Amino acid sequence: MKRIAVVDTTFARVDMGRAAVRALQAQGTGFRVVRRTVPGIKDLPVACRQAFLQDGADLCLALGMPGRAEYDQTCAHEASLGLMFTSVLEAKPIVECFVFEGEADGPVALEALARRRAEEHAANAYAMLFRPQSLARHAGEGLRQGFADAGPVRRTR
Amino acid sequence: MKRIAVVDTTFARVDMGRAAVRALQAQGTGFRVVRRTVPGIKDLPVACRQAFLQDGADLCLALGMPGRAEYDQTCAHEASLGLMFTSVLEAKPIVECFVFEGEADGPVALEALARRRAEEHAANAYAMLFRPQSLARHAGEGLRQGFADAGPVRRTR
Amino acid sequence: MKRIAVVDTTFARVDMGRAAVRALQAQGTGFRVVRRTVPGIKDLPVACRQAFLQDGADLCLALGMPGRAEYDQTCAHEASLGLMFTSVLEAKPIVECFVFEGEADGPVALEALARRRAEEHAANAYAMLFRPQSLARHAGEGLRQGFADAGPVRRTR
Amino acid sequence: MKRIAVVDTTFARVDMGRAAVRALQAQGTGFRVVRRTVPGIKDLPVACRQAFLQDGADLCLALGMPGRAEYDQTCAHEASLGLMFTSVLEAKPIVECFVFEGEADGPVALEALARRRAEEHAANAYAMLFRPQSLARHAGEGLRQGFADAGPVRRTR
Amino acid sequence: MKRIAVVDTTFARVDMGRAAVRALQAQGTGFRVVRRTVPGIKDLPVACRQAFLQDGADLCLALGMPGRAEYDQTCAHEASLGLMFTSVLEAKPIVECFVFEGEADGPVALEALARRRAEEHAANAYAMLFRPQSLARHAGEGLRQGFADAGPVRRTR
């Protein structure tokens, strides 16, 4: 039985963790979800390391929603570096799912974007553990999470 | 008995450490506070590592107040990366609490902001060690430290 | 028998992995290709580490296509740092091959650039493992991948 | 007997190392100074690691003077990250003392600034090893090195 | 017998490695040169780690020539961080010698700059291994590599 850690924040303004857990459970079985919630995105890396070491997680889904200020971009950059360092150190994937407040106009669009992106990253997380060949089949196809896929540069190949 | 290290600087212009310790003690019991003071924010990461290794800390609260100059932003970025690297290395949380001088106008507002943020991060630190479920209950609710909470994007869910 | 890992993404809009594998096979023999596909470039570092540890790779070719937005540049920077950290940690080369969408005008040019760059980095990867002296012979000659070589500053030496 | 390493550069335009050593010796006894000089600030991190491993240093004072160009700021940022990583790795303090050429107008002011900052960081280094409580007494008091102290936000507390 | 690794790239437009090796040999004896050539500057850090681990190098001289584009600055920054991380990890010096194409006007000036800087960094590398006291004698004297020395801020001390 694999374990997937869903790690989210109290800073985020949408409950992305709940959306991610539902999406994971809709993907299939064979895993158990463990949950951790931290204050902000800069607390995610150590929480992921603890999920690997203490909860036996095989993969972490790290969810966050940086604000609109320039400083929030800096925090997101720092958090991303920390998540990458942690995943390399543990040799286990951390799927980063960040939604920037400025990516959508208005609360309805922002909430929809955040949920959709969380769901699509959750599907990716499931595929990484259980169906890696499904990722391989879509290599170079311009897939996106949250917004519409960009698609391959040329349709005919 | 858990140990919480409160690490602050002589560079800061408000005694955030004192505010944090009081707030910690108001949260509950079951922990002992250890203190370290260093010159500036770039000295915080190694002081946290020493607090983990030498003082047996289970969590560090790292308090700093970068100045208004652009170079101070760079120093804060470097300090943040160091704090994140240290927490991942030790697999123990470091709650970073930085207040930028430019965030408030005038000494009264700056002092109030610094104390409030230190207090609210102290409450988070306590929750991370003793009441993680209280963080989980507020996942995605747009909580902030120092300023008013942003709140969830939509109130009705 | 050496092993070369070709790691690519579903985010990329050109199937650079296929171009790289063909180019590798055209270089010579003595190696086996292992494949991994991940969602985006920030997932490449841990996938390379897994390729080293789990697949016994001697070298990774990491292929990605960041988008046009400024945030994509940040992601590429983070991914690059992660790839470099991973290669140093493992003491094994990771050949990074990124194509930015903004580097070419129109789908035909972008696809041609992406394939050519993947092929030329694949040739470099082969040389690093099997013909290091061929790299040494071209030291300081202004070689480029994807675009025309810049050439040495002065032709006569 | 503690050991303090004073590490400086040939790139700097003021002999900050000499100023630092004198200031250290004026602070008190109980330590021996070890010296290392490297070409530039980017050579400081490994020199500090060598001072810890080979010279038995308990603390390093890393002195440098980046130039006026924008690229010098980048080098200083890289050096700072390297110094921080090294100190965390070794769990021993590295007191970074950088003076940017653009911080002062004219050679007399620049030299005075560089010496004063070196002296004040040396005093901090001594305090970190021998009088940590003296740092604790000044927590949050807005101390600065090289220029006048900013002081606490409010005098009455 | 010490070993000095000279690591260069096929991307560079001047054969800096050859200039460096000649300059090393003109400095004195007691060492053997080992050579590695990689495609670009981002491949230098792992090549240096391999030189330390596989070739028994005591010091690496890492030579590169980033292009004029803004992205080349980013690559140089990433390479520098990788080189610094590697040197700290191994506790052995890596002398970074980068020449940016935009630093000189025209091929003759660029080639002269690249060779001179490679030579002067080679002299530094030799001094770091065999004559550290010669570096110490020039602490704070404003030495530069490639261009004229800036000199100390004040001549009389």
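As written, the chain order gives the labels A, B, C, D and E, with residue 1 at the start of each chain.
Rule of thumb we're sticking to: a contact is a pair of C-beta atoms (placed from the backbone, for glycine too) under 8 Å apart; a residue touches a chain by one contact, two chains touch by 3 or more.
Because the structure is predicted, anything quoted here is derived from the model rather than measured.
A.B. asks: Among the remaining chains, which ones contact both subunit A and subunit D?
C.D. replies: Neighbours common to subunit A and subunit D are B.
A.B. asks: Go ahead and note the Å separation of the Cα centroids belonging to subunit B and subunit D.
C.D. replies: Measuring from centre to centre gives 25 Å for this pair.
A.B. asks: With centres defined as the mean C-alpha position, give me the subunit B-subunit C separation in Å.
C.D. replies: 41
A.B. asks: Where in subunit D do residues touch at least two different other chains?
C.D. replies: As it turns out, subunit D has residues touching two or more other chains at 81, 85.
A.B. asks: Make each chain a node and each touching pair an edge, then name the shape: line, ring, star, complete, other.
C.D. replies: Contact map by chain: ring.
A.B. asks: Starting from subunit A and stepping next to subunit C, in what order do the chains sit around the ring?
C.D. replies: Traversing the ring with subunit A first and subunit C second gives A, C, E, D, B.
A.B. asks: Quick check: in the complex, which residue numbers of subunit B touch subunit A?
C.D. replies: Within the complex, subunit B contacts subunit A at residues 73, 77, 80-81, 84-85, 87-88, 91-96, 100, 121, 124, 128, 132, 135-136, 138-145, 150-154, 157.
A.B. asks: Could you list, by residue number, the parts of subunit B that touch subunit D in their complex?
C.D. replies: 8-18, 35-39, 42-43, 45-47, 49-50, 53-54, 65, 67, 71, 74-75, 78-79, 81-82, 85-86, 89, 107-108, 110-111, 114
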